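Each structure below is given as structure tokens.
Both complexes shown next keep chain A, but they swap its partner, so chain B is in the first and chain C is in the second.
Coming up: the complex of A and B.
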């Protein structure tokens, strides 16, 4: 797969078919033309992506605080990276993020598959249901946070009232206790993103060939067998991409946590991004914040590359 | 281009017109130029001044008075109001870009050391000696309360501004419940002493326990529609939790740094004070782990809690007939102490008008600051439910009889103690906010929580210990 030129990202001419050693002048001109056409977007990308990235890498080897005099950007080598290993708060934040991702994305996947199968069978209401499913996703995450902040308010939130009436945990304010606050965040994320999984699954199902299912039904396979042996394996590529997409998003979870709990109670809901935000913008340690950000970036990049590999056509 | 020159021309014409009318109305021209009717210089007429201040009663009242300032001086002020966190962020980002977008910034005084050492803000000593422009006769820097002014604007050898908000912490309690004969009788029978505003922490806890009641029970002779809680306190991972705890810490004999200037966050006194505060949470409304000073104010206004250690600048809100259910029912007193007879302490939370070092309008900014400190403006702050910083207003006889909290404001200000103002404070505060919130929410024991902060703060202070000036 690595030999496939199409997977070489960042090279503007990589998408063009090209045989080494046979570059005619005409082909050369076409390469240049490609670069020139893409120049504006490359320049913009360079300004908004590359420059901050290079700047962050540089910053992460310095000591730079906006409030402490004397820490004006001296190079301190790997000190910021070493600090991560003894930073218990960072470890806690990573753990919280992991718990958040695993539970939120698994729930979204299970619900998404179930709802996607139902949606696929719908005949008349399909369009309406699809539009409704889009709603949670098109609301800004910050607004999702505010909506649930109101609903889960300990004194007057309507969801608090419902939980209280049903005698469920969280009946006296889900956001005020560590475990219920974390659970609430996960469920709000599920509310927001399970529809995405549903639509992905529904789209994947509608693209599946009909013949294997007809064959299975002729062979007398039950619904569960069909699902396990046929639907799920055939959906696998779609599901894998959807899960990876959600995971890269969930690593960067910030808005809802910021609005709903501020990372509390205690450090129960302090996810990685929120921790970095506090290091950079509450403690004003820009250099350590940059180092933390780069580590997160590396993790997201790893997941993104995995997703790209899955999307790329399989080598024969 | 054309538009710009038209604007400049019309501004010039306006200035000319103002100058001419100023002359004809008979005011005396001074060395710096024209002066308005009350002696305020009009040298900077037409200047646009950008000011940012915390969203509080004071800022709201000040905003409504800005047209007066413009009428006096011709300076147009645009006042931006923001909550604590967001204000500090906007200030720091503006300082580091050196753009001078804000000319005058009202800052919380714990950032004084950082902003002064980084030369983000400019000293005003020279202006105080010789005002850069003529100031009105109703401004006198001698009238600013010294034990408020010093901690909020003096860093090492210089003064950096004037107090914009004389906030400090005090105890608020439901006077109507305390004065109810049935409550008094019941309390005495249970605890063996008279029900009165707490002066010691033991009493504060007893009273908290006494008044914690479910909905449907009676309190002060009326049935409760909502539960009543003995206290309300801040437990969110937020600066308000840190500031409230420091009252318990100080009165228990603790502090952030010991007498030799080393980190003493996990001292036995501090641990005991946090254990005490944790004990109080049994009598606090559910949700205290998400509560900041805002929730405390709302709960007191709704009559949800019987006592609180909270901010003096919210006293006006308690007596605000449009928002409060406890108008005339609140009592205001000094913060309790550990042992009867200890000297009371009050956490100073004042804010300071400072001038941005990168501002191009420093002199106009100083004039604004002086006007905000002038007696008529400060009287209006007081009357509108805000807090002034002038001795004459704080001891004004009329206000003392009219406002139930006025006497206590002055008393608490004389007991005020300030938190460290060193540049590392933001890190210390963030670390404590996390660990105090962990302890209060039961995620860690008080000892574990303070041990964690001790370690983090010691690392943060690396190279800056011992702290000899804070």
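Coming up: the complex of A and C.
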């Protein structure tokens, strides 16, 4: 062992800082400094996230409302949680959310992969196109909802006029009928977030090695074969992260629905967060609202953990 | 030659698709300069005599200037606090290790997944009990719940790009722990700081739910005040378009001027932009 100069050098330098007298105070000082770095964020997050969350957990076992008289926080055990199973409106909201997420995120993924491959091929226009693609997703979601509320207005919306001229459904006001309103909500989300998938795919593509593609073209692989056998598998980690990000965001959809349809017509577009908003801030049933919220958070966490394990095992 | 034509054709098709794609926003900006007659036509009008009436109505008569100032106050304070609190935490997380710190990191990730709807309820009750409901303090505190975890995760990526040997070299040259951080490491992550700051401001600027529940008439931000123009007696679409245009404009400028930073923030720093 001693004959290998690298090992000797390595062990010598490793032994250097271990001077007994110096190690302890310096380590202590470092730990103290570590606390100084972490303390502010710990204190602030403790006050604004952890404490409210614990408060919410406690609230979910009580009967509480700031507004309704007589509901001062009596302890009622699991009643709020049991109530969810009997709550048909909650079930309906969950179903609507599921339909919204599945259709919106899959459409975004398919369009994003296609557009991402096109964006990757652009040269001079790439910068400009990227900037324009950023717009839908970085402007306020509330404005996105308002823009389409206006564009799809039954009397004077310009998209209504286009739909009418093309003889498509929604030509007489897409937001006034349940199925077309839900479809509109899904498509507005696709408009907002397909660019995100596009950028993720384009970034992923530009990081891929060139050799496998050259080898494939030498071997006479067609474009579809190259896409199925090479591009798609190599994009998998990027797509996994992007889909996971989108899905966990879509579960909390609120701003756009609030101004686009307000949950209607009927309860056709009442997604989970809008339902919770009504329970807590329209019916003022705050302890039940807390329980609904905590169950949603648990579902988001479960989805995030299991999806990440399933889609990208190497990343963990 | 045919190859060149193909490129030109691709360019033309791409331009057409992009223009169609972004048409809702173009329509919004056009609508903000239209008078009532041009606004409410069954067939879309492209040629009209522009007017500033909507802007004057909204910002002078209806007091949306106040909301603009509120938005500015809330986003600047929330972003500044998040940076001051989050950046040292992010740095420390890349320079030290241990079970507690990895648990904290996972906790921050979980906090990023926490729906605003879950937090807004206890925050509203607590703010009401403390007499803080409707104040800037309440809404800034609420914005910190997403701003700090975002700052730590984003800046962590940038600090990981600075080799530890640099801090150690600075220490050997006689810098204290904090001097090494402030004078050596922090300046090297300038790009990361700018990207993070821009993203923090945009996120606060656009935020709706916390503002809706926690602000009052006097402290309402732009996104919160906008839907008040959708009234049961009639919707002031021209003014909505004007206020929405002003809300969107600063963010849109960022998309063109500091595109690379935005892409980096959007992809969570997971993939280097470019």
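FYI, the second predicted complex is superposed on the first by the 271 of 316 C-alpha atoms of A that agree within 3 Å, B and C clash if a C-alpha of one lies under 4 Å from a C-alpha of the other, contacts with A are read in each partner's own complex, and residues count from 1 in each chain.
As a convention for this text, a residue touches a chain if its C-beta (ideal position, glycine included) is under 8 Å from a C-beta of that chain, and two chains touch if they have at least 3 such contacts.
Since this is a predicted model, take the numbers as computed values, not measurements.
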item	value
Chain B versus chain C as contact partner of A:267, first or second or both or neither	first
Touching partner for A:150 - first (chain B), second (chain C), both, neither	second
First (chain B), second (chain C), both or neither touched by A:281	both
Which of chain B and chain C A:66 touches, first, second, both or neither	both
A:255 touches, of chain B and chain C: first, second, both or neither?	second
Partner chain(s) touched by A:200 [first = chain B, second = chain C, both, neither]	second
Contacts of A:308 with chain B and chain C, given as first, second, both or neither	neither
Greater residue coverage of chain A in the superposed arrangement, chain B or chain C	C
Chain B versus chain C as contact partner of A:175, first or second or both or neither	first
Partner chain in contact with A:141 - chain B first, chain C second, else both or neither	second
Doubly contacted chain A residues - partners chain C and chain B	66, 155, 281
Parts of chain A lying in touch with chain C, wherever the complex brings them together	29-30, 33-34, 36-38, 40-42, 44-45, 47-49, 51-53, 55-56, 59, 66, 118, 121-122, 125, 127, 129-132, 134-143, 146-151, 155-156, 158-159, 161, 191, 196, 199-200, 203-204, 206-207, 238, 241, 245, 248, 251-252, 254-255, 258-259, 273, 276-277, 280-281, 286, 289-290, 293-294, 296-297, 300-301, 304
Interface residues, chain C side, partner chain A - complex	10-11, 14-15, 18, 21-22, 24-25, 27-28, 31, 39-44, 81, 84-86, 88-89, 91-92, 96, 101, 104, 108, 110-111, 113-119, 121-126, 128, 141-142, 144-145, 148-149, 152, 177-178, 202, 205-206, 208-209, 213, 222-223, 226-227, 230, 237, 240-241, 244, 247-248, 251-252, 254-256, 259, 262-263, 266-268, 270-274
Residues on chain A engaged by chain B in the complex (per definition of touch)	66-69, 88-89, 154-155, 172-173, 175-178, 261-268, 270, 278, 281-285
For the chain B and chain A complex, residues of the former touching the latter	85, 89, 92, 95-96, 111, 114-115, 117-118, 235-238, 285-290, 423-424, 426-427, 430, 434, 437-444, 452, 456
